[in-house]
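Paired with chain B in one complex and with chain C in the other, chain A is shared by the two complexes that follow.
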Partner chain A sequence: MATRPTDISLSPARAVPTSRWFVLQYKMAPYLFVSPFLILFAIFGAYPIVKSLILAFYVTNGPKSAVFVGLQNFIFLLSDDDFHKAVWNTAVFAFWSVFLQLPLSLGLALLLNSRWVRGRELLRLAFFSPNLLGQVFVGVLFSVLFIPQYGLVNRFLHFIAGVPLDTKWLANPNLVMPALVLTSLWMYVGFNMIYFLAALQAVDKDLYEAATVDGANAWHQFWAVTLPGIKPVAVFVLVMSTIGSFQLFELPWIMLNNSAGPDQAGLTIVMYLYQTGFVTGDLGYASTVGWTLALGVLIISLFQMRVTGAWKGGD
Partner chain B sequence: MRFPYGPAALSMLILSILSGAWLALNPIPPKKATLVMWTFAKTHYDAYKQAIPSFEAKHPGVKVDLQLVSWQAVTSRLQAAFLSDLDVPDLVEVEISAAGSFFRGPLKDVGFRDLTDRIKQSGLYDRMVQARFAPYTSRGRIFGLPHDVHPVMIAYRRDIFDQLGIDVNKIQTWDDFIAVGRKVTIPGKRYMLELPDSESSRFEPLLYQRGGGLFDPQGNCTMDNEIAVQTMLFYVPLVAGPNRIASDLGGGQIFTRAVEDGYFLCMIAPDWRSKTIEVDVPKMRGKMALMPLPAVYPGGRRTSTWGGTMIGITKHCKYPDLAWELALHLYLNKDDLAQRFRDTNILPALKEAWDHPAYDEPRPYWSNQPIGRLYAKLAPDVPFQYTSPFVATAKGKLSEALVACVQYYKQNGDKGFEEFVRKRLKQSADEVRRLMRRNPY
Partner chain C sequence: MKTFYRVVRILVNLFLLAFAALTLTPMVWLLAATLKSPDDLFSYTFFAPRISTFNFRDLFSTVPFHRYMINSVFVASTMVIVQLFFSSLAGFALAKYDFKGKKPIMILMLSTMMLPSQVLMAPLYELIYRLGLVDSYAGLIVPGAVSVFGIFLFRQSILQVPDELLHAARIDGCSEFRIYWDIVMPVSRPMIGAFCLISFMGTWNSFLWPQIILHKTERFTLPIALNQLVGLYQQQYGTLMAGTFLSVLPVIILFMLLQKEFIAGLTAGAVKG
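This part shows the complex of A and B:
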C-alpha cells in the first residue's frame, strides 16, 4: 500500500512520520482525549437538561404517566401561591445574605490584610474554617444552637438583652428567615473573605504610594485605589453569592427538620422543586419550576453584571 | 521511545488502563438475593434480621437481602427507582405520610402490586384492624399490608401528678383535662401538655379522634369540614392566648431535658412514641404512666392514631408469591410479633396476636402498667385515616392554616375567631383542591 508524504513534523531533530495510521491518530487524538468528558456530559448533563425541558410541558403522575399540557404548567406557576412564597423567601434570603455578607467579608479581608493585626494567618483560618464543614453539618449544629429554653443563642440573648428563653427561632414564621441568614453568614463570610484577601493582595502597591504622595488619606485610597482594584473580584463574589442564595436547599431543609418550616417560612425555590418532584411526584411541574429558576438566576446575574459594568453587552 | 503527547497524557493513559484493568478483574458480584427488601426503621430492621433466617430455612435456595434505607431517603429513592426501573426493591416498607404519594396516576401505573384480592381471600382483612388498611388504599384497591395500629394514649409524669394530687381516673373528657391543666400550668415553667403551635403533627390525631381527616374515602379533601373547624377551635386556645396549657420545645435532647425538668407533664403518646420516651428519657423510669386520651364528649372515643407503616410488593418483583409469603412471615408470626412488641412497644395490626402474654407484661418504666394490654384495649376503636396522593400537600396546608389561626388568636383572642378559622381552613383546602384538579386522572 502506498504512503503519502505529509508535512507533519514533531521536531527538527526527528524523522517525519508519514504513515496513514499516524496521520489518522494524530488528527483523532484530541477528540479521543476529550471524549470521556463529552460522553459523560452528554449522559449526565445534556440529556437531563433536554429531558427536563420536555418534561416542563407535561403533567406527570407518578413514574409512568405523563400528559402533554403545553404551557399549562407555566400558567399555573403564575398563580401558584406556594411558588410565589418560595420566590419571595428565596429573594429575601438572597438580599440579606448578599448585602450583609459582602460588606462583612470585605471588612474582614481589610482587617486581616492589615499589617497591624497579630495572628492574621490563624484568624484567616478561623474565619474560613466554617466553610470546611458541609451545609448539612452546619444545619444540624445551628438547629441545636437555636433550640428554645436550653439553646445557646437564647441563653446568650436572654443574658444580654432579656430575650425570652422560649423564643422559637425555627418554629416562629417571623424568626425563621433571620435564623437562616445568620447561619449562612457564619458559614460564608469567611469563604468570601478569602476572595477579597486575594484581590487586595493583588492591588498594585505603587498606586498606594502614588496616592500617598498626592496627599490622599486612607478613606480616599480605599475609594480611589482599593475598590477599583478589587472590582472584578467583588462582581464575581456578588454574582456567585446571588446564584448560591437562589440555590438554597440543604440548610433550611436540615434546620427545619426536613420541611419548609412553620407557615412555609423556610420554603425556597429549590425546596419547592424537590417537594413537587420527589414528594408529590409531579416531575413535569418540578421541571417547570427548575427552568423558571434557571431563567430567573440568569436574568438577575446579567442585570448585576450590567449594573456593575462587568458586562457591557458584547463589548 | 517517547510518548508523543507528553507526560500528562501518558499518565492519564496509564491510569485509565490500570483502573480499567482493575475493574475488569474485580467485577461487581452479581446480586444473589432472590428478594430485596427495604425498611426505613432501625427497630424493624433489627427484628427482621432475626426473622429472615427462619424464612430462608423454610425456602431452601431463597436469599433475602434486607436493606436499611434512611426514612428521609426512602421516598425519593423509591420514586427515582420506579421512574428509572433500576434497583427497584421487591418489598418496601413505606411510612404512612409518604404512602399516598405512590398512588398517583392510573391504577395500572402504580408501582406497587394490588394486594386487595390476596388480603381478602386470605381472610386478613378481617383478622387485622380494618381501619389500618385505609391509609394504604386508593380507589378501593389496597396496596399495602399494615404493620401496626398505633393507638394513641397520654403519657404523663405520674410522680408529679401524685405530688399535685391529680386523679387521672377523674379525667374522662378533654374538658376535665383542660380544667386540671389550667390549675397546674405555670407559663414559661410548666405546661400540662406538649403540643406544637407551628405544625400539625399533633393536631391530626385530635382531628381523627373526632372522626375527621384530611380526605374522605373517595379521596376528596375534607380539611375544611365542620369537624376540622371544631378541632381547630378546640386546639388553638390550648397552645395560644392567656389560658394556654400546652407548649412545645422540639425533639431530641431538648425533649429529654423538658420531660426531666417537668416542663411538660403530659405528652400525646402512640405506642411507638412510648418506646421513644423510654429511650430518650431513661431517668424517668418508674415515674411515667399512660392514660387513655380524654374523650371529646362523655362516653366518646378514648384514642386516636398517629403514624404507621405498610409493606408493599412492587410490580418489579419477579416472585410475587414468595414476596407475599415473606410479608406474611414478618407480619403474622405471633411469637416474632410479641418479641417485636417487647423491643419496640409497637402493637401489630393482627388482632389475634394480642392474646400473647407479652402484652400483659408489666413495664417498670411505666410504673408497672401492662402497656400492651392498655394499647390493645383501645386498638379496635382506632379511627380511619384516609389518604390521597396529595396527602403531603394537605398536611403542609393544614400546618399553614394552624399557624395562621394561632397568630390570629394571639392578636385578637376569641373575637371573630370562628369566622377566621372557617375562612382559613377553606383557603387551605381550596389550595389542595386546586392542585388535585390538575391531576388528569
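This part shows the complex of A and C:
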C-alpha cells in the first residue's frame, strides 16, 4: 500500500498549507496533468482529423502534390469494383467473427465457469494464449501451417475428415476466407472468452438460488438470469469485435504474402486504404476510403447497440 | 442422477482439455519446427529425434536479426514508459480533481476511441513527413505517446484510492505531483502491471504504422523485419519459424510474469463500467 503513514489526524486544526505557491500548484495541477494528452491530441489527433476530411476531396500524389476534385472521390467510390470487393470481403469476415466466434467464446466461458471444471486457471491461460501473438507473427506461422501436402492443417483435417492433402487454402479464391476465419477463430475465441468469463463470475449468485427455489431449470436460468446479467459485457464484446473485424488488415496481408490474394479474395477495406494511400500514393482517395469506413463502423455499432437495447435513440 | 452428473463432469473436462490442446498445438508445432533441420521439418509432424540449431544459425547469418530484436525492445520499452507516465498522470487528474473542461475532455476521449485509427493514417503521414520525422523512432513514438485507453484504465483504478489519503498528504505539505508520484502510483501497482503489458504488446506487435514510417532496413522492428524475411526466404520455413519464435517469445515471458494483473486490467473497464 502507501509508502507514507496514513494515520495523520484529519482534525480541522491541521489544515492544508495556505502559502501562495501551494494554492497555485493545487489549482494548476489537473490542467498540467492532462496537458500532455491535450497537446498531443491537438497535433496528432485534431489536426489529422480535420486534414483527412479535407484530403478526402483531393487527388494527391504522395505528400507533396494535391488537386481539389470536389466530391469525385466519393462518386468514384460508388463505381469502384475493388472497393466493393473489399467491403464485401470485410463484411463476410465480420459476419463470421460475430456469429461463429462469439457463441463459441460464450460457450467456452459457460463451460469453464461451471462448477465441474478442474484447473480453471490453467485452461483459461491456454485458451487466451494465442492472443499474445501479434497478427503479423500469427500470419507468418499460419501461412506455413496452411501449405498444401505438408502443412499441419491439411494433415490434421486429412486425418480426421479426409480433406485432400493438396488443398491449397491460400491459393484458391474460395478457401482464402475460410482460412482467414479459422485463423482469427484461433486468435480471438479465447480473448473474447476472458470477457464473458469475467462477466459470468460477476453475476449475483443469489439470483441463481432464487431461480432454483422457484423451480427454474438450467435452460430457464440461462435466459432469465445469466443472459441479462452478462448483457452489458456481451454488447461491449459484440461492438468491439465488430469494429476489430472491420479493421482487418495484417492477418490477410501477411498470410497472402503482401497481396490481396488470388482473385483479391483477401482484400479488406484497410488493405485497400493502405494500397491506394501508401503503395499508389493517393492519400486523398485513401482518406475517402477511411472516412467511409469510419462512418460505416459508427452506423453498425449504433445499430448493434440499438437492437440489443444498450442504447436508446433520443437519449 | 449421480452417475449422470459424473458423466457430464468428465465429458466437460475432457472437452475443455481437448480444446486447450487444440489451441496450443500451433505453438507447440512452432517450437518443434525451430528445432528441426530442413530435412526433418516435414518428415516429423512435431519434434524430430535429433535437435538442430541450424534454423537459428541461418537466421542470424542471413539477416541482422539481433539488430531487429534490439530495435523492437527499444521502441516498445520507450513507448511503455512514455505512455505509462502520460496516461496515468491524465487518469489521476480525471479521477481526483474537479476542473473546468473535465467533461468535454472525457467526451473527446470517448469519441477518439470510436474512430478507427486508419482514418488518420494519410494526414498523419503527411504531418510526420513535414516534421521531418519519417524514418525515425520519434515518428513512431511521439504520435502514440498518450494512450486514451490507458487514461481510462488509470482513471478507473485511481477512483478507488481514498480521498482522505490524498488530503492527509496535502496537510503534510505534499505538492500535487508528489501525491501522484509517492501515493497514487505506488497504490496503482496492479494496474501499472496490466497497462505495461497491454502497451508493450500493442507496440511490439504493431505493423502498419512502422511499415509506413520506417524505410531503412537497420531501423526495422520485428514485425516489418519478419515480413521482409517472408518475401526474401519464402521457402526456408525453418528459418522463418525461428524468426517468428524469437519474435513472440519476449511477449510470452512478460505475460507469464504479469498474467494475473493483465487479465484483471483487461476486463476492469468492461465489467465495472
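As a working rule, the second predicted complex is superposed on the first by the 283 of 315 C-alpha atoms of A that agree within 3 Å, B and C clash if a C-alpha of one lies under 4 Å from a C-alpha of the other, contacts with A are read in each partner's own complex, and residues count from 1 in each chain.
Keep in mind that, in the parts below, a residue touches a chain if its C-beta (ideal position, glycine included) is under 8 Å from a C-beta of that chain, and two chains touch if they have at least 3 such contacts.
Keep in mind the model is a prediction, meaning the values are calculated, not measured.
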Is this a clash or a fit when chain B and chain C both end up on chain A?
clash
Is A:Ala29 contacted by the first partner chain B, the second partner chain C, both or neither?
both
With the two complexes superposed on chain A, say which partner A:Asn258 touches: chain B (first), chain C (second), both, or neither.
both
After lining up the shared chain so the two structures overlap, which partner does A:Gly281 touch, if you call chain B first and chain C second: first, second, both or neither?
first
Contacts for A:Gly290 in the overlay, against chain B (first) and chain C (second): which applies, first, second, both or neither?
second
Counting only touches as set out at the top, which of chain B and chain C does A:Tyr208 meet: first, second, both, neither?
neither
Chain A residues in contact: does chain B have more, or chain C?
C
Could you look at A:Phe41 and tell me whether it touches chain B, chain C, both or neither (first, second, both, neither)?
second
Return first, second, both or neither, reflecting whether A:Leu55 touches chain B, chain C, both chains, or no partner chain.
second
Just chain B (first), just chain C (second), both, or neither: which does A:Leu273 touch?
second
Name the contact category of A:Tyr150: first (chain B only), second (chain C only), both, or neither.
both
Considering only the stretches 26-34, 80-88, 152-160 or 170-178 of chain C, report the one that runs into chain B.
170-178
Which parts of chain A are in contact with chain B and also with chain C?
10, 29, 33, 63, 144, 149-150, 257-258, 274, 278, 283
Hey, which residues of chain C end up touching chain A in the complex?
5, 8-9, 12-13, 15-17, 19-20, 23-27, 29-30, 33, 41-42, 45, 86-87, 89-90, 92-94, 97, 99, 102, 105, 108-109, 112, 114-116, 118-127, 129-130, 142-143, 145-146, 148, 151, 164-165, 167-173, 175-177, 180, 182-183, 186-187, 201, 204-208, 212, 223, 226-227, 230-231, 234, 237, 240-241, 243-244, 247-248, 251-252, 255, 259, 263, 266-267, 270-271
Could you please specify the touching residues of chain A with respect to chain B in the complex?
10, 29, 33, 59, 61-65, 67, 72, 76, 81-82, 144, 147-151, 164-166, 168, 170-173, 257-264, 274-275, 278-283, 285
Of all residues in chain B, those that touch chain A in their complex
4-5, 9, 12, 72, 75-76, 79-80, 82-83, 98, 101-106, 109-111, 188, 196-199, 247-251, 253-254, 257-258, 263, 389-390, 392-393, 396, 399-400, 403-404, 407, 431, 435, 438-441
List the residues on chain A that touch chain C in their complex, please.
1-4, 6, 8, 10, 14-17, 22, 25-26, 29-31, 33-34, 36-38, 40-41, 43-45, 47-49, 51-52, 55, 63, 108, 111-112, 114, 116-118, 122-130, 132-137, 140-145, 149-150, 152, 155, 186, 190, 194-195, 198-199, 202, 232-233, 236-237, 243, 246-247, 249-250, 254, 257-258, 270, 273-274, 277-278, 283-284, 286-287, 290-291, 293-294, 297-298, 301
